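Quick one: this structure, given as structure tokens, is what I'll be asking you about.
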């Protein structure tokens, strides 16, 4: 997990994407959640966390995007997969195209073998039945059997892209839980991770309170009294 | 379950939403099924049934819909949740907005603690992974991590609304099964429940006939002969 | 399974729809995967395979499409279900309409009893909870409770249709796996099945190679060296 | 104008499509206006009026829908245009496909020469700049240059179809004004035309009243007093 | 034009909606332009300007929304039109529904006679051909003949609504030019109008410069030198 | 018009985009027409023709895309406009985003002053009322007042992009008429132009024939007899 501060990584492995969205909203960011993408797999090891490595595609053109295109060992899709640094997340800009796959099982397997942290696409994948069984974080727009060449031409590696309507700059920190994927601007990762972790400790307490019958007013958000109770609760728990 | 006739409640707990749609279609209602919403949880206790308590939202405005908005204990979203009468269903008009959450785990927990019958929204919820595990009927447009303030401003409680393209008047009877949610105009609840229950007894018989090899013609819908067989079958079953 | 060559049937039962899409792409077909449809059930017995028997619908008209329409034993929807030859797949053109059901449990049960191979629709089904438990291949746009008469008028049997954006001619070979449904022009079924089976043998080998650490270049697609290794591997496996 | 009663034709040439929609709504028809289609031309001679002659298309298939398809003199698109009876309206079911044309200038010219009343499509036309200048009623989804073969395969003539979400049966009466196109079930054409003409006489009077300062209450809809004034006004005008 | 400061009104009559969007963006507002709506008429007298008077609708229900509904003189749609204060803009929340009209010529005429400043809807209007000829600002989603009762039930007057995805509070200042409609929060109208007017003076100068061959760098946005030239230009023009 | 063969340029100035789409379809290209874009202006001088110079944008990010971004003289949007070579067409990839403008009057004026051939965007423009009056080819998705920074961040110049769903490589030949815009792969421009010009001569003849009463069969497409008549007609016309 090359570039991440270990404490940041530890926090981001555990906090929810919803909490991260709240922290980013507090800092003025309203558009950080990748739309139209769900987690396909059920990977072990906590959240997907890693810096973004991106791949960009444009619409296919019939003369260029034939099956023979892959005979070129420098084809950007293949080269991209071979270039993702360990611990990084491959993020594909498929322009939200849902009719064809972004990739399939062999490429996903290669990604995993190379030590990538995961795969995020705003298009579907093919071989989705087999990929679903892999212990590897894959976020995509479900499964679709037609191959990528029908609508995609991979063109650029590690440039700023859009994915699911969100800007993704190479090196931005990608975090995914079972709800979806958030893109954290790289320079904010540490502070957002710290604050998100603190927010979640409080929310555990507040949820306990609400489950125990507390009214929302005064509890969520907490007033001074609830905050004091929270401090006591933390002390008791040794937090 | 405040206002419902016990026999009606008993019927509505068991009949399918599909059957209720058919009964309403026979009475001239074509638009009673909330579109774009699925059940997120797998609650015990049969169908979701209860009178509607509604909340209306409009698009957010950046100066009004900051995180501090919730410091106001009278914020309509919070007040709404504290106002749902026991046995009622909170129905949210989120204008079909799929990009942000309508609410999350703490609010859903409070709803449950207060004795609400369930939650129906035409938007997604956040903390969807945790909510999925609750024994509480939640119908929504899946999960989405961004918070409601990004696109929603809660504005009115218990006024007529649209939800998933359907008119919902306060007090309409909401019924949800694993397929989705139907809105029954309050004054029709009793007769629709009775007829739906009768229809389902017949359909159990007809399904048995079809599973046993009967042709559709004469069976579905039943002709005089099949109807006679149905009467005999009911007698035999003591129905 | 009336018309299919047994070897073709055996191949099509096992190969993936993704592989079939690739084979058809190599032959110039880019639009063969039914869009917007998922498998609802988890049937035993391998892929759905069978010749298409089609039913066409047009928008409903309020005076014609009342509940009493089904009293006519020659209503095309009912007649269609009674006409699907054993081993054939009923393919419904619902014009991609997602707001109402294409059919429900009784009709699906009759289809199964008659020996149909499966059901494919570009609309949803009702009674989806019960149908989900049937050991019968059903592909559709999820579940929706409102009945078909609200938006559909069944009009024609076994004419060329569109389903999910794809042309389906009666007798075309329908294949469905957990990812979705492909439509194979009838005259290509044998050669596509043979080539798909061969492709999948190679992909098992290539996946093994990639899982074992091979780079994509030279492996996928295979160069001369990898092809030689593949021949050796096949010999070893007795393939 | 083969089949239409001359009084009906005279009325339908003048009344607005909006008025016809109201008359059909009063008879229980809610879905009679072709959605997604505008008038491209500004023809002389009042409304488009005529019985529907239909053409159905399905999605194209790459092996069948090559440019050489038109070498076949029986190609349904060409045959269809040669078959439209004088005074009839050619209505094309293009499945709402907006990406390619339904036809172009040469075909539209042939239609006009043959004495067709007009053309209605739920897809665009090509050569839209030239067609715009024709004195011939053309309703479509704007202009689009790609040829029909890319997405359409014409398959059937004069069968019931859907167009812009509305059922069109051969012989239904098509009426188009500058706002759009309504489909009148054939058996209702006479009564709807009569009542629409009467409604419009009243609306001329009511509009005069409102333009002159009358409040809506009592005027629109008219109460007994306004109705009496209307009778007097008609007498005065000799209507 | 009841509530508006005369200088503000004078400015808003002339500046473009684009400039107003820029001024609001500078203040943190990103969502103030009503989407999916165009100007139907070509009114004299500069921009549409006036405080918003709103009407809210929900989906129709077949038993309530029959033609007889309008016999009630207190029907909210009719009452709403009779309630718009002179100089105000009637803004309709039609939930973006494009399939039916929001209103027609008689209601629009009454609005004009009553002295309303204009009409804004996120749905279409009927009688669009006649309305197009009125000297009255009407913004809507084009023309559509079916009547509102098919999908709309007017329910509330002068409450906060959404229109074209934008929050509209009663009294917000609505400004429309040929490009569309912006909603200015009431408390910002004066300062936004002043700054917009100043921005446009500068843009006239900058456009002159660019039309005369100036490069963008240093001109747009202006550097110190260009600003000095602008001051000189203003002095020369007596501005 | 830098790179274009003069004969090619002359042909492309006159032939229709529809004809060019047909020529490209004959060569296997099905996706060459930019979708969702119309001509805003009515420029003199025949078709828009020129090599593509591209600009790519990604979704905006709130911290980067503030109004101050344009203070940077190297901002890609501004730099892009200053870089378009004379005779080239600026093609903007706005990811089909319709909610905000791609640019406005000052930038379009600068483009024109610099000698660009025209502007093509798959998003709208602002100041659309003023731009409409310019004698300069502008193709876009209509008008929209909000500024580009709300959703766009210009990022790259003259890289391959998608525009309206079509691949555009720098140097591809862009041709626009009143119907829309086609993208001709650079290496095909000469042959496509020649064949399109020839096709149009024939279509003038065929249209004359059809307007004069010829049946489609034998005329369109022409049989041997019609082809002979065409040769005679050409001789007569001295073509």
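Order of writing sets the labels: A, B, C, D, E and F. Residues in every chain begin at 1.
As a working rule, a contact is a pair of C-beta atoms (placed from the backbone, for glycine too) under 8 Å apart; a residue touches a chain by one contact, two chains touch by 3 or more.
The structure presented is a predicted model; accordingly, all values stated were derived computationally and were not measured.
Participant: Which neighbours does chain A have in common with chain B?
Facilitator: C
Participant: Please tell me whether the contact surfaces of chain C and chain D are same or different in residue numbering, using the over-half criterion.
Facilitator: Answer same: the two copies use largely identical residue numbers here.
Participant: Measure off the straight-line distance from the CA centroid of chain E to the CA centroid of chain F, and report it in whole Å.
Facilitator: 32
Participant: When the C-alpha atoms of chain B and chain F are each averaged to a single point, how far apart are the two points in Å?
Facilitator: 50
Participant: Could you grab the centroid distance between chain C and chain F? Build each centroid from C-alpha atoms only and quote it in angstrom.
Facilitator: Inter-chain centre distance comes to 40 Å.
Participant: Enumerate the residues of chain F that touch no fewer than two other chains.
Facilitator: If we look for residues of chain F contacting two or more partner chains, we find 30.
Participant: Quick one: which chain pairs are touching?
Facilitator: Chains touch in the following pairs: A-B, A-C, A-F, B-C, B-E, C-D, D-E, D-F, E-F.
Participant: Inside the complex, what are the residues of chain F that reach chain A?
Facilitator: Contacts found on chain F: 28-31, 58-63, 95, 153, 155-156, 159-162, 165-168, 185.
Participant: For the complex, give me every residue of chain B touching chain C.
Facilitator: Going by the criterion above, the answer is residues 16-18, 20-22, 25-26, 30, 32-33, 35, 38, 177-180, 182, 203, 206-207, 210-211, 213, 215-218, 220-221.
Participant: Please name which positions on chain C make contact with chain B in the complex.
Facilitator: 67, 70-71, 73, 78, 81-82, 98-99, 101, 104-107, 109-110, 113, 126-129, 142-147, 149-150
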